[in-house]
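Everything below concerns the one structure shown next.
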Amino acid sequence: MHGIISAGIIGIGLGAQYALLALGFTLIFGVLGVVNFAHGGFYVLGGYVGYWAVSSAGLPYPVAVLAAVVATAALGYLFELVFVERFVDEQLATMMLTVGLYLVMSTGVLAGFGPEPADFAFPVTGSWHGGGFFIPWANLIVLGVCVLAIAAVYLVLYRTDLGRALRALADDRPVARAQGIRPHLLFPLAFALATGLAGLTGAVVTPILTLSPHVGDSVLATSFMVVILGGLGSVTGSTVAAFVVGLIEAYSDVYLGGSKGALALFLLVLLILIAKPSGLFGREARRA
Amino acid sequence: MSTGGTGAARLQLEGVSKRFGGLQVFKDITFEIPPGDLLGVIGPNGAGKTTLINVISGNLPPTQGRILLGKQNVTGKPVYAMSRMGVVRSFQQTNVFRNASVRENLARALRFSGAEGGSWRGIAELLEALGLAARLEEPAEKLPYGLQKMLGLMMAYATSPKVLLLDEPAAGLERRERARVDALIDHARNALGCAVLLVEHDMELIRRICPRIMVLEAGSVIAAGAPDEVLSRPDVIEAYLGPGDSEGP
Amino acid sequence: MNAGIRFCLLATVAAFPFVLDAAPANSGCELKLGMIGPLSGAATSWGVALRSGAEFGAAEVNKTGGLPVGAEKCKVSVVSYDSKYTADGAAAGANYFASQNVKFIIGPVGSPEATGIKPVAQRNGQITFSTAYAKNAIEPQFPLAFHELSGPATWAPPLAKAAKEKFGFQSIVCVAPNDQGGTDIASVDAEAYRAVGIKASEEYYQRGTTNFAPIIQRILNQNPDAVDTASSPPGDAATMAKQLREAGFNGVIGRLGGPGTAEIIRAVGGVEKLGNFYWLEIVSTDDPGVKALWEEYKELMGQPAPDNTLMIPAVASSRLLLKAISKAGTIDDAAKVAEALRSLPVEDKNLGKGEWTGQKIYGINQELSFPVGMGLIINGKTVGVQKIDTVEAR
Amino acid sequence: MTGRRRGRLVGAAEITALLLCVVAFATPWLTHNLFVLSVINQILIATMAAYSVHVMLRMNLLSFAVPAFMAMGGFAGALVAKHGGTNVLLVGGVSFLVPALIALPLGILILRLRGVYFVLVTYIFSEILQLLLFETPHLTGGSNGISGIPAATFLAQSFSSSAAVLQIAAGLALVATVVTAALCQWCEQPFAAIDENETLAASLGLVIWRFKALGFVVAAGLAGLAGLSLVLMLLTAHPSSFSPLSSVNYITYAIVGGRASILGPAVGSALLVFAGNIFSSQGEYSPGFFGVLILLVVFIARGGITGAVHTLWSRRRKQPASLAASTKLQDLA
């Protein structure tokens, strides 16, 4: 019983981390229809900007996190404007562009900071212990940031004009265009919002785990899995799926071991998708 | 299984219903269309007309009821199977292979339906009538809207159907182009012996060519019979003609 | 489409001069030492360390006016190739070097690379010095393949014994990634612990895992006295050590397999919090000779050495290899140089006396062994690195 | 008319692709430079893998399952060579058939997924297969793979030198080219229809799953040949040769080369594998160079290299004719 609850706590911790990661990915996908293969790159970059701000510029950690968000959002904005915009309707081209960007970004980080893991530590240490369970404070803070970020994204999407326009674009681009919504102004903003979220995740999560130039690979794979499992472009779906994946991973890893656990996770996701081809919260495919 | 267009067959619906989760799109629809006959279906937007076509064509499975083609029960068969048995639909929006030429579009219709061979001859005359014959080598996306729509109808026709399901074939067409729809339907009924189901907002067209019509409102049949009689019933006018929009969108 | 053909032909034609140009200009005597290893991806730091070691060995010789080979004095340079930690990358690298007439290769680093390069290098007549911990890193059928440092089968038994004596634990979990870079080390470690009467089990995680909380929970469910992070990459090992301590694990943490001690200490929050910790140093780093190497490197190369001990065996094997080339009197005949290598006394300026080992484990005596070190932190205090003699139990 | 023109154009691309295989086969007589041989060998392997992507792309399906099928073909071939026989026809046949046979039931399960859902499921499949290799040490050697594979033989001749290994790869690539060309030619119209408008194609009576399954099965077999070729080059079947993320490489080759014609995979593989090898001697900055190259090609050559060349070509030659326009658009679809 004790073990089951512990694994559940771990799963929720993982889920929070994945939810935060998937948020940006699903936004870009939902609004632009672009699979952002550089998502992990923005996560790593966010981590390194935070690291640089703390260790070289001597800024306090919360300011460093802010700096990471601003830097990654700015880069995302520029990249969308210069590269993605021209190809926004061509899924294959945008995929290739983001793959290229990811390679350039991770090489840039490697050249700038070296291959060794960076010394980027979370300012809060220790764990909360109670009733035979424990939760590291850092994980609680990530959970908090996750809740805040999701709330913020919901606010933006459902309470602002920007959000209404973005949702209109996500629903039906031609109709949105006909209503006077101008994608070429909004797409860079949406991209920046999403990459900023990836940067935020990087700045908050990498100090708890590891920060090195190549931690972005698995981040991409996880975000992708979570977003698709949740259903295309659905913020609610990806959030729920993040916790589903986190819990499955926790239980299968704890009870089956790392390698078999991963196998079980992948098989379950495969089965869910075969049974429900448009994801847990997916509408029918956007283009028939 | 016969795939050619020679045999004619009767389309019959028995108590067919469709429900999406909690939403009842239509229920308990029963009618039949003998070979060579034409049934017009009218009703306000959202009445379930397109869904009805989707269900008959096999794009969606019905929730209840049976669909019969001749004596054969074809309920719940997939689209391609329905199409190969001769139940073919057209689409409300223009639906053609935009990147292919007109000729390739038609060739695909002939090939995919299994109705290859002499059928080019069978459609030549109609191609002329619909204004497509001169533009066979043009890419479909370069055609004006009206001709794209004609091409879409022509492709359905080229499969040599036994039952033709037409979803607002006249919508968006200019007045003079609408006569071409009449020509196509006449051809289908007379040359192929097709049973035709016509969903349309164009009341002139309906009055002109439909021997009988059916009015669908909120998923139920509220009236059926000859157009003049049905269209003068007060409840139909209330439900449908009341808003005064007798033209298509 | 014809333009497509033309493009292809152009590309092919353009490729040839590029490649052929790279052939060595044969004026004077120039010796190119190859370095193959991962220079991109997660294992980059290992490749960089190896390259630095080879460059240092070359620079040392060049300072004395070049390497005497026969009547000539050869200038030594190092060329490197990124094998991306893959078998095909390493095989391509060996062929690339062959096309440039590079016969002597420091590296490759990882097990997949070693697997990929062995047959190709043998075919091309190239000597390799791999650092892979694979169980078949060297084999009798590949007499040109050498091993740059002693592998787990050599150092795990004495270290397991020493760790048991120091900390007295009765059970241990060895944890590593689920690919060859993990399984070939953790399974040998576990066997070594069992041999000294410790109850040992193995846990493998999916390479690329970032959050180890579930794995840690699984390990804790087994309630072990100690955890050995074996050959997990430094970042992974650091995260695991941190999460172990956060979860209230107070037992011993070990690391018999790879570098990364600095990261682990940092991640956990200092030596005091780490408590009891022991680790393998691939050389005895507290030896004055070894310590001097870092200074020598800085002086000769004008920049600090990379912070990775894998550089040290690369220096030692480069030196020995160059010595053998000189002795064999050829810069082309790898078989002759290999012969010379086997016959040379193993003695390094900084590392002291070593020997060729490997007969018992690999069936071929081509593993360059120097004493290794065991680093210790006991009760939150750094004790330092003890020299451990790994002389093969014959 | 259009049909005939198209046929001729496609024919030229196919013949070129076949000729390239023949040229590759002949390289050992042109040069003994091992690096050239090794690069061409890698290009051939990459081309076969990119064919696998190409076939699926024709139906607008992006498959990340290539490494998985390569692994099946490679390991099956390795096992047969070790325990059955080393005849290259036998080994090659097995490495085509095993993945193809496994693809059939798998395809029935996953081919109704479309777009990114299909992408993810095929990616997950690659991950699963990698883990299965680790978890079946008795069959596949686990994380150590299978080594000591005997060289392939044909008519009492043993192919063990780099040159001979290259020639086997060229032979397999030739077969792969023929298979790909035949499939794409035979299914050109159905594939194009599925690519552009699946709903319409189905409502005209096209049995979509049949073509998708056929394409998937053949694509799996092609990947199997690529896997075998890789195994023969390394004389080792090793899990690290089939990492799930390597699928991104093969997809990149296919898309950068252009999906318009069968030359696309070959051109993309040639350019990018060659560049990758050159960059590898540039140390840790190689992925960066590679990334810049991808950005440039995508940015400059819309529709991939062959697509862009084709556009230029037809624009130059047939300015006024709507004929040329129609073929162009069709090919770029």
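First chain written, first letter: the chains are A, B, C and D, and each begins at residue 1.
Here is the rule we go by: contacts are C-beta pairs under 8 Å (C-beta built on N, C-alpha and C of every residue); 3 or more make two chains touch, one makes a residue touch a chain.
This structure is a prediction, so every number in the text was calculated from the model and none was measured.
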Touching both subunit B and subunit D (chains): none
Core chain by centroid distance, with centroids computed from Cα atoms only: D
Which of A-C and C-D has more C-beta contact pairs: C-D
Centroid comparison with subunit D (C-alpha atoms), farthest chain: B
Approximate Å spacing (C-alpha centroids) for the pair subunit A, subunit B: 47
Chain centre separation in whole Å, for subunit C relative to subunit A (CA means): 35
Separation of subunit B from subunit C, taking each centre as the mean of its C-alpha atoms, in whole Å: 73
Junction residues of subunit A - those touching two or more other chains: 107, 110, 115, 217, 221, 259, 262
Per-residue overlap in subunit D, given as positions that touch at least 2 other chains: 131, 134, 199, 284, 287
Residue numbers of subunit B (touch at least two other chains): none
Interchain pairs in contact, sorted by label: A-C, A-D, B-D, C-D
Subunit C - residues contacting subunit D, complex: 1-5, 7-8, 11-12, 15-16, 18-20, 22, 39-40, 44, 47-48, 51, 79-89, 91-93, 95-96, 98-100, 111-112, 115-116, 119-120, 123-124, 134-136, 178-180, 182-184, 204, 206
Residue ranges of subunit D in contact with subunit B within the complex: 1-3, 189-190, 192-193, 196-197, 199-208, 322-323, 325-326, 329-330, 333
Touch list for subunit B against partner subunit D, complex: 3, 57, 59, 78-80, 83-84, 88-89, 91, 95-101, 103-104, 107-109, 111-114, 137-139, 141-142, 155-156, 159
Sites on subunit D touched by subunit C in the complex: 9, 12-13, 16, 20, 23, 31, 33-39, 42, 131, 134, 142-145, 147, 160-162, 230, 233-236, 238-241, 243, 261, 263, 266-267, 270-271, 274, 277-284, 286-287, 305-306, 309-310, 312-313
Interface residues, subunit D side, partner subunit A - complex: 57, 62, 109-110, 112-117, 119-121, 123-125, 127-128, 131-132, 134-135, 198-199, 245, 248, 251-252, 255-256, 259, 284-285, 287-288, 290-295, 298-299, 302
